[in-house]
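Sharing a structure here in structure tokens format.
Chain nomenclature is as follows: A, B and C, assigned in order of appearance, with residue numbering initiated at 1 for each chain independently.
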Amino acid sequence: MRPPGEQSRAGGVVLAYAFRPFFLLVPVAAVAAVLPLPVIWTGLVGAGTVGSAAWHAHEQVFGCLAAAMAGFALTAFPSWTGTPPVTGRRLAALVLVWLAGRIAFWLDGILPASLVALADLAFLPAVFGSALPALATATRRPVDLGLVMIGVLAANVWFHMTRLGAMPGTPDAAVVLGLDLMLVAIALALGRILPVTLGAALHETGQKGPPRLSPGRRHFAAATLVLFAIADTVAPRDPVTGWIALAAACAQLDRMVELHRGAALWRPQVLLFYLAQGFMAAGLAGLGAAGLGAPFDPTGLRHLLGMGAASLTVVTVMSVVSLRHTGRGFPLPRAVWIAPALIVAATVARVAVPEIAPEAMPMLGVVLPSALWAGGFLAWLAVFGPWLLAPRVDGKPG
Amino acid sequence: MTPAPDSTAATSSPGLVVEAVSHAFGPEPVLTEVSFALPAGKVGCLIGPSGCGKSTLLAMIGGLSRPDQGRIVHAFVRPAFAFQDPCLLPWRDARQNIAFGLKALPMGRTERDARAERLLGIVGLSEDDGDKFPHELSGGMRQRVALARALAIDPDLVLLDEPFSALDVGLRRQMQALVQRLIDARGLTTVLVTHDLAEAVRMADRIVVLSPRPARVAALHDIAVPHAARDDGFVHAEVGRLLADPATARALAVEPEASR
Amino acid sequence: MITLRARLAQALDYVWGGWGAAASLLLLVALWEAGHAAYGTLVLPSPRETFAALWRMTLDGRVWPAVVETSRNALVGFLGGVVVGGALGALAGLSDMMRRLLAPIATLMLGIPAIAWVVLSLLWFGGSGLAVVFTVLVTSAPIVFASAAEGVRSLDGALRRMARAFRVPRRVLVWDVYLPHMLSYLFPAVATALALSWKIAVMTELLSGAGGIGDGLATARVQVDTVKAMAWILVVVALLLAIEYLLLEPLRRRLLTWRRELPGAEARDMPGI
């Protein structure tokens, strides 16, 4: 492994394992993705090749969520497959590729459009490329997650192609597909995460018995989400898609029963995932109802999925991974609640305001949720950032 | 209950007397003139080749059937059985299975539950095991439940019909020791049916060797060494000594070296 | 010991399990919607049209009486079938002579298609509720017969011997030994017969015009009103789902807990994070 002297060098700790740099960058990306919103809404900026909504959504999905996914996957794959992790220089290169994509997209409209596309699209292939040599020799490959991430990459390719006029469709549709596929990835990844967190929660609350999570339920939930992603792309406003969305919502609700384990449900590492699944079900149900003619604002409902479901899961996973991979054990610190609370508040404001008080949208529906959202992620950084910057407490490498 | 009787008192007052018992299934005789006595508080072993009528005799001692001729005399009022197949009710959990025999006694539900709970611990099962259904238990655990069910009714006579023969060797020794401990502690009169001479030597005070069908008593052996003092060496030597007796060897149809 | 709290939690988990079933059904509805988009209302009305029609029919007071009538006919026939099939099956299980006498007849009855019974019962009883009851009875009785015979025949000799050895009273013998054993045999057959009885009842009503849901379906057919026909089909389906998930499945869980799988037996395929 790494020589011990290298750990102490500046940057050595941060590059010791993939979750460290990426989880430090996720909050930055999350804030950056909402920062220009008030400005864009006032019409000062917006010379880019996509609309403000598509820009914001793209940064959230292919910037922020993608970084979180990469940090999680590159940290978890080695322990699932027994392959060596990506660290040091190669990790630094990955981070730079990601940063280049973000900067390029910020400068969309100034830089040539095709250069922006290339810089932004480089990240996921780079992640695959860094993990592939090790995975090629592994016996148990997480094929399902890999396929979904390839789908996410394809969605981003589509996004840029529509922007460049090389493919039919709209950037908005492409970014929606990206988000839908991210939900699939989350549903699958939860199957690996929940046994650990639920097991810890059962232990903390003094309950006996194994976590008891059925792979069938998880696969059913993920399969309905895949179906929804396809239908949502092929026929976004069709009633068929509406019914599929309702079915997907029910499948997510069905899955939640596995977390009904008495007091264990109230531990943060379980309750936050439970809430996120509830948000996912609510968002899908709302989209289903909207597809069948109910007067809901689909954009608001997408935020229920992106903020409530995806981000809440991401923040919780980041907390758990930061805890365990810095050599600490459960329980999570009490401060773990702060970021999720702010994100939930942001989600509720973003979704409820356009439904009940559309006239207050700029202030209460955009600025307020943006501030809460940014506050949530900065709070996460304040609580867990120091862990990411310091060596493991148990002195092991990583 | 009954204090462990000292051997002189026990031999002078036989607890169980089998007198010239003969029995036939249809035209085929199963038992011919079987007679033996077992002092109260002692362990008797009926040993013989399979199908020789041991189980039939045991059922008669327990009062489940009557012999055609002869008689069985004893003063016991509450016999308890454990069979080779544990015969648990598949639709009742371990705790309820243990309490099953208690339903024949005038006893309230709370007392029944309390006693089942106690027996669960006595035979070495955990509280969680008590919630399990028979198909969720291993063979050894099922046999423990069957044993607990037999002991729960506070029997004065324990009848064991090859209760260990379906278990593997390690488990069998473990269960033998457990049964030995439990019946010694209570001073229970016990009749054990087996076809394993080593098992008989390990556990019995008196061994009744039955000949092949139709069974008659081929030999009677008493073993005076206390149970606790019977180590592997003793059992091995004693089995050899018993098989040196031609009647015993013939009845069990084994060459001395082929014994288990 | 199972506490009230644990019972409630179990009940909640069961009801929550309805979401899984709902997801599956909604996917079917999506397929239905796609079929509607492809073939039009005359062939396959849209789900929403159908639900609306069903709602209107319910408000008009046409659905509930039909449900009651069909259910009554189905239930009476079913109970008759269980009594006749169960009693004859028990006889066949107890006596070898009766088994030789009855088993071939039961097999033959099982082989006669339900529609043949419908025709016969229409000829014998005309277009009355009796025709429905009779058809349901003769189709469900042989199903119950076979399992009742098998249940009685296999009443475990060893368990009975054990119970006798412990000298338990007759009441305990029936309650702890005979009844659970018979239930484990009878329940699946009775459940099948119950679900079948509704379908047979609707079919007979449709052909006899004896009222009930089948009659509604027949009227819809005459009027070439696909929407109404689909609405009636929904009623039947809803009834069957209600019987399955509100009656049979909870009973199954309650009665057959002892067959439950080993807890924690599900494979956990990979280590976590």
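Going forward, a residue touches a chain if its C-beta (ideal position, glycine included) is under 8 Å from a C-beta of that chain, and two chains touch if they have at least 3 such contacts.
In this text the structure is predicted, and so the values were computed from the model without any measurement.
**Q** For everything except chain C, show me which chains still form connected clusters by touching.
**A** Leave chain C aside; others group as A | B.
**Q** Would you mind checking which pair of chains has the most C-beta pairs in contact?
**A** A-C
**Q** Which chain is the middle one, judged by CA centres?
**A** Per-chain C-alpha centroids ranked by distance to the global centroid put C first.
**Q** Please tell me the distance, in whole Å, between the geometric centres of chain A and chain C computed from their C-alpha atoms.
**A** Result: the chain centres lie 46 Å from each other.
**Q** Give, as an integer number of Å, the spacing between the C-alpha centres of chain B and chain A.
**A** Their C-alpha centroids are separated by 67 Å.
**Q** Rounded to the nearest whole Å, what is the centre-to-centre distance of chain B and chain C, using the mean of the C-alpha atoms as each centre?
**A** Averaging C-alpha atoms per chain gives centres 49 Å apart.
**Q** Where in chain C do residues touch two or more of the other chains?
**A** In chain C, no residue touches two or more other chains.
**Q** Which bits of chain C are touching chain A when the two form their complex?
**A** Those in contact with chain A are residues 9, 12-13, 16-17, 19-20, 22-27, 29-30, 33-34, 37, 46-48, 263-264, 266-273.
**Q** Can you list the residues on chain A that touch chain C in the complex?
**A** Going through chain A, the ones touching chain C are 72, 75-76, 79-80, 140, 142, 192-193, 195-196, 209-210, 212-215, 217, 220, 224, 227, 231, 238-244, 246-251, 253-254, 256-257, 260, 262, 292-293, 317, 320-321, 324-325.
**Q** Considering the complex alone, what residue numbers of chain B touch chain C?
**A** Where chain B meets chain C, its residues are 62, 64, 79-81, 83, 85, 87, 89-93, 100-101, 103-104, 113, 133-136, 149, 153.
**Q** Note which residues of chain C are touching chain B in the complex, please.
**A** Against chain B, chain C makes touches at 1, 158-159, 161-169, 172, 176-177, 180-181, 184, 257-260, 262.
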